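Each chain gets a letter, A, B and C, in the order it is written, and its residues are counted from 1.
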Amino acid sequence: MSSKPQSVGETRAESPQAQSLSNVGLFSGFVAVFKRDLTLAYRNQGELFNPLTFFLIVITMVPLGITPDPEVLAELAPGMIWVVALLATLLSLDGLFRSDFEDGSLEQLLISPSPLYLLVLGKVAVHWLVTGLPLTLLAPLLGVMLFLPDSGYGPLVLSLFLGTASLSLIGSIGAALTVGLRKGGLLLSLIIMPLYSPILIFGASSVASAIDGFGYTSQIAVLGAFLSIALICAPFAAAGALRVSVNG
Amino acid sequence: MAWTWFHQFGSPRWFYEKTTAWMPWLFALSIILLIVGSAWGLGFAPSDSKQGNSYRIIFIHVPAAFLALAGYYIMAISGAIGMIWKTKVSYLVMRSAAPIGAVLTFVSLFTGAVWGKPTWGTWWVWDARITSMLILFFLYLGVMALQNAFNHEESANKASAILALVGTVNIPIIYKSVDWWYTLHQPATIKFTEDSTIDPSMKYPLLLMVVAFYVLYATVLMMRTRTEIIARERKSKWVKEMATAS
Amino acid sequence: MLDLSLELRDLSCERDDRVLFAGLCAQFNSGDVVQIEGPNGSGKTTLLKVLTTISNDYRGEIYWDRKPFSQSKFEFLSQLLFLGHLPGIKKALSPVENLLWYQRISGEVSKDRIFSALTQVGLAGYEDVPCYQLSAGQHRRVALSRLYLDPSPVWILDEPFTAIDKKGVAALERLIAERAEKGGLVILTTHQDINSPSLKKVNLQDFNTVEAQS
């Protein structure tokens, strides 16, 4: 901290050394990315609420566009909430790698000795924490607005909890593929939405089936299976896509 | 030994020159198969006891659907080969396969709709297979859109190869999910895609048409790839020489 | 003493069917300062991207530590510090936070050394100011302060002298020379003349073939 001239020589970078690889732990990259992105999300609090506001506004449009009839809305509620949660996630995904791409941090991530898989996973984990999780927590409120029957709340929260994590993971592939493009946002939705259909099917159906008085464990189990597949595969694909985008 | 062959095959020029000799044969074969298959299917196969003659659209509908799905895998696999071995031709095959597959998917959707009108009185039904086909169509559109969005060809190729590969992992999951979704919502009145036994008199022309579509697919794919090669290598010496020679 | 060896064998790159350079052979060792030269668009940045493993669009072979890149990539990356065109600095974070993050992904963390490094580049007093309040030149200097922090023996620097003042240039030159003397290897692109006894120049124009092979 001293700015006295004589300290200059002493504080020069230590002499070059082959860094021992052991001090770069396998997960230190993951933890570093996770902490940094969480800090960044906290600093840009304004952006945190955008997906949630979007979620709320679109759900408000449903009765305006269709009918305020509670019976009809109750029928639509599971699917509607799920579709809108999916759209809100998609919209927020465009920014996942964009700022890193624009300021050059992405290049630095690519040449980090930590596995890129874990670095991407760290970023996706933060994305889910600041979008998927809040959406999941907000969903019951929207359920009230759409007259969701009581038995639907449990599976709604549970299915969104697992499902939004898969959405973030799969979406990260699209975000990585389109990060180098100037107008990537719409393209991202276009290429990723078809891949979301299985999650939407099982997510919405778990709620509907609970409302009809049937069990919903099987749907939740399938969502869990999707999540584990996405957890294993998606960061790999996203890592590969990032390499392409950085050179685009 | 096999490897030199492989890398030779990956060179655009070699591919172009080799396939020049094959093209007329492939053309002839696909036309003959198509004529025989459709004549057999449309003219000689017996009409269906319930649907009358309208069922005959399956001779287009089914092979198109087969190839639409197989085409996605062909596209993805050539993309993967391009990524692993950096062979130029396989990317060109991938680029050529995308629009062909999209057209075939569209054909199978369209013929399905045309078939649906006289059979169930409606153009569109949210049936499991039709819905899966529609999603497959979207996957094709996504790959094509991504390909066009990049400025650099190399990045475009790699990006769409990654997307195509992600799609291949997802397609079985999508199919199973949509299937499951359909059984959940299946209306009692409409039932039509059960695997009823098909009479041999209809099955053989159908099989022939499937083969004919495969050959046609190969022909069109090769033709498009050759066009892509020429467009891509238009500045190279061998293309210029060829152009001036003819 | 360090014994670094980076060897390029018959390296060629093309971009959109245009050959940037072809048949590039070179051998870089401990103590070298390598200046990559060539006019704009000659592939300097592309070459650096290839050397940093960011891009793998090349033909030919690269050997690190006498092993092909495919086997030695990880060891190479753990000894590499790369500064590109873009500073890689997060605007919402302060200089200290930015540097801490780089330390965390690459090894030991030492806040004291970050403070002294920031002093070296003339950013004393800005340590905890969010970077969006700093100018582009100051961002650049935050990035350069990594050179004072990072013990990596291999430096690859893309135009490190842009957007810094004369004094900064002199300090940076000294730093580069010092790293080379201590057995490091520095590869950089710049339009500036560098004074270093161990300077090697690679001009990409020498490897630029006019007509693409048929």
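We adopt the following convention: a contact is a pair of C-beta atoms (placed from the backbone, for glycine too) under 8 Å apart; a residue touches a chain by one contact, two chains touch by 3 or more.
The structure presented is a predicted model; accordingly, all values stated were derived computationally and were not measured.
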*Note the connected groups of chains, using the touch definition above, after excluding subunit C.*
one piece
*Dominant chain pairing [most C-beta pairs in contact]*: A-C
*Quick one: which chain's Cα centre is the longest way from subunit C's?*
B
_Chain nearest the global centroid, as defined over all protein CA atoms shown_ = A
*When the C-alpha atoms of subunit B and subunit C are each averaged to a single point, how far apart are the two points in Å?*
47
*Measuring from the mean C-alpha position of subunit A to the mean C-alpha position of subunit C, what distance in angstrom results?*
33
*Provide the list of subunit B residues touching at least two other chains, using ranges where the numbers run on.*
152, 154
_Multi-chain contact sites of subunit C, meaning residues that touch two or more partners_ = 57
*Touching two or more other chains - residue numbers and ranges from subunit A*: 247
*Under the touch definition given earlier, write down the residues of subunit C that touch subunit A in their complex.*
2, 49, 52-57, 74-75, 77-80, 82, 84-93, 97, 101-102, 104-108, 112-113, 115-117, 119-120, 124, 130, 147-153, 175, 178-179, 182-184
_Quick check on the complex: what are the subunit C residues that touch subunit B?_
15-17, 57, 212, 214
*Give every residue of subunit A touching subunit C within the complex, in rising order.*
1-3, 7-8, 11-19, 21, 23-24, 28-29, 31-33, 35-36, 39-40, 43-44, 99, 102-105, 107-114, 119, 243, 246-247
*asked:* Could you list, by residue number, the parts of subunit B that touch subunit A in their complex?
replied: 135, 138-139, 141-143, 145-146, 149-152, 154-155, 158-159, 162-163, 165-167, 169-170, 173-174, 176-178, 180-181, 184
*Which residues of subunit A touch subunit B in their complex?*
173, 177-178, 180-181, 183-184, 187, 190-195, 197-198, 201-202, 205, 226, 229, 233, 237, 240-241, 244-245, 247-248
